[in-house]
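Here is the structure we will look at.
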């Protein structure tokens, strides 16, 4: 009954808003709708409507999935300092960061969902009901850890928010163990996702032990960079106070992570190009082009330049602590890392294919529309989360009459 | 196929009616009948009574389609075909064998290949591999007078990933 | 999770609203290895009715199990292959593969420059000269190698593919979720995807089928060479063996000392593709010359 009342109040809350809020929501809904149109066609005709083929059997969907798992994992970057070092400016915004992580995981799972050919057989993945191949298949591991991470990242903010709704102090004992668990879990989701590729001896480009550390390093760049942007939006459109100091701290952490990412990337480039074995082919394809096939070359160099530029912006205190350059750096990282661990990571695994064939994949209209639909849906979910969470955090949305009754 | 059945019939009849020596040699390998040209067997139908000409020459009156490209420098028709009994093949030992056992002739020079053939490694087996498999004779695939395979046209390559036959 | 279950539900409803009893049954169908004989018979009957409806032909779908004391092995004589691709198309016809949109080939014949065998980076897949063989090249057909240690089986998240007791790596097309992880894991390009419903000319349907083999596939699932499971389990040679005009292809039981495959392993120089990956293929390339 109480839950129903809360739900009704929430519903009323998200239905009301400024003109800009409506415009934003309908804009997102329109994109979602277009994506849905393309997705139903894909369901109907099969994945032949995409540009994926046997030679390159994963494409834009799985690229986005990989990127978003990284973004989601980066929530720990906010959790660690906030809870372990009691770094105050960050503590108040952790809830928002975790809700963002949850939205990212939802998007990541949706990208897997649109990529699999038989969504009607999705129930085969359910433990006990279906036949989940745990622990043999890394994809089974991923299903478990991603859903687990989603639950953790929903539990913590919801617990804190509900407590605030009733104007009560959160019970530290109920939430700290979960937060502590979510730290290794975040590392876990991205490690498992890296291992998903890493374990395939058939694909030398992915079969490098440096993969998991590199994944983590680049995730700790892209996730926080998005959060820097989002927090500035939130503090502009609401009365939640997010100190500049918090943003600068995040930016500083990004600089360290980006250094590590570039270093690991360099280590891999050295190893492959200097030893110059047959396994160099995918890297050659990526950085120089192979047998006159060069589709990815401009992308990887653009990405590398963006990441380098952003690294210097975030390293130098003057540019890091200046909002304009901070935002430029963040955007460079968001795009740069998306290219690097999206298409430029997934595709060279398939090019050349195990029998040496080169098929230059680039996503088509269907894949682009469906992907944008998922991003829009993810943003919409996050917007609605914020619509509820911000007033609670700000203390304007709370339980009015039943403060002392059951929670 | 029909030609093969005919020649087999003729071979069979000639074997039973005339009771030629060597016609009942034990069958070591189950082989289909040899691929003789239609109407060409028995050879004796024409060769009976014809004088034997052992000179190496270009054939002008009959068998003009045969151009010997099989160690032709050292060999001639009568090295393998028996001059007196044209319905038989002749081994170097002088022993006569049926056309259906021509592998006995081939193995005289191609020992290792014959060994592979008996094991089922050289040549092609069809049908059932446990028990009822069929051996093809050497001459089913190799023209004995010109045994090297001729080049053939390959089947078409697969469609490329973005070929119109591979997109909706 | 909410989104996920919503999507899941949407999928369910999408299937449900087709209001088709057969589709519902297909939707809830069990994993092949978990079906009782009776359930298998029911599924087979349903499939045979479906094929009669769609292709106008009475098909026989076998669920025959592996024979005892058999482990199938394949030999391919690189000295003999002339790259004519007869095997490729014989396989397509025997196995009811989609002919176009999409075209599914279980065998890939690659052309390599002489003097270059292991580095496949310069392999040509689309060679199309007037005649084969060509002077400067050798040809290497590649198909599923039926590994003893198959990486594709290990990665499948739902056990939709497995190794049978006679060594054949098979797929339950009705259990596959179409994630294509196995395609990524296979070092031999041994697996292909049905990017949409297969296109098989009605008159060319091969009615002698096996549940785990050449029955017509469904949209968005993975399939692969099964060494012609429908033929070899009744003692016949695979279609590619019979189609080869040069006797390049050999087949037999690795546990039978008198088999062709054992003879060639013991007497010829054999190698297996990408042995360094430790997949232990049961597909032996050899040189007779």
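As written, the chains take the letters A, B and C, and residue 1 is the first residue of each chain.
Here, contacts are C-beta pairs under 8 Å (C-beta built on N, C-alpha and C of every residue); 3 or more make two chains touch, one makes a residue touch a chain.
On a predicted model such as this, the values are computed, not experimentally measured, just so you know.
J.: Contact counts by the stated rule: is the higher one at B-C or A-B?
T.: Contact tally favours B-C.
J.: Indicate, using Cα centroids, the chain positioned nearest the centre of all protein chains shown.
T.: C
J.: Suppose each chain is reduced to the average of its Cα coordinates; what separation in Å results between subunit B and subunit C?
T.: 36
J.: As a quick test, compute the distance in whole Å between the mean CA positions of subunit A and subunit B.
T.: That pair's centroid distance is 70 Å.
J.: Using the touch rule from the top of the page, what residues of subunit A touch 2 or more other chains?
T.: 45, 48, 53-54
J.: Going through subunit B residue by residue, note those that touch at least 2 other chains and give them in order.
T.: 160, 166-168
J.: At which residue positions does subunit C touch at least two other chains?
T.: Residue numbers touching two or more other chains: 101-102, 108, 125, 195-196.
J.: Mind listing the subunit B positions that touch subunit A in their complex?
T.: 160-162, 166-168
J.: Can you list the subunit A residues touching subunit B in their complex?
T.: 45, 48-49, 51, 53-56, 359
J.: Sort out for me which residues of subunit A touch subunit C in the complex.
T.: 43, 45-48, 52-54, 57-58, 106, 109-110, 112-113, 115-125, 130-133, 136-140, 143, 147, 150-151, 154, 196-197, 199-203, 278, 281, 349-350, 352-357, 377, 381
J.: What residues on subunit C touch subunit B, complex-wise?
T.: Per the stated touch rule, the residues are 75, 77, 82-86, 88-89, 100-103, 105, 108, 125-133, 195-196, 235-237, 241-242, 244-247, 250-253, 256, 259-260, 263-264, 267-268, 288.
J.: Quick one: in the complex, what on subunit B touches subunit C?
T.: For this pair, the touching residues of subunit B are 116, 119-133, 141, 149, 151-160, 163, 165-168.
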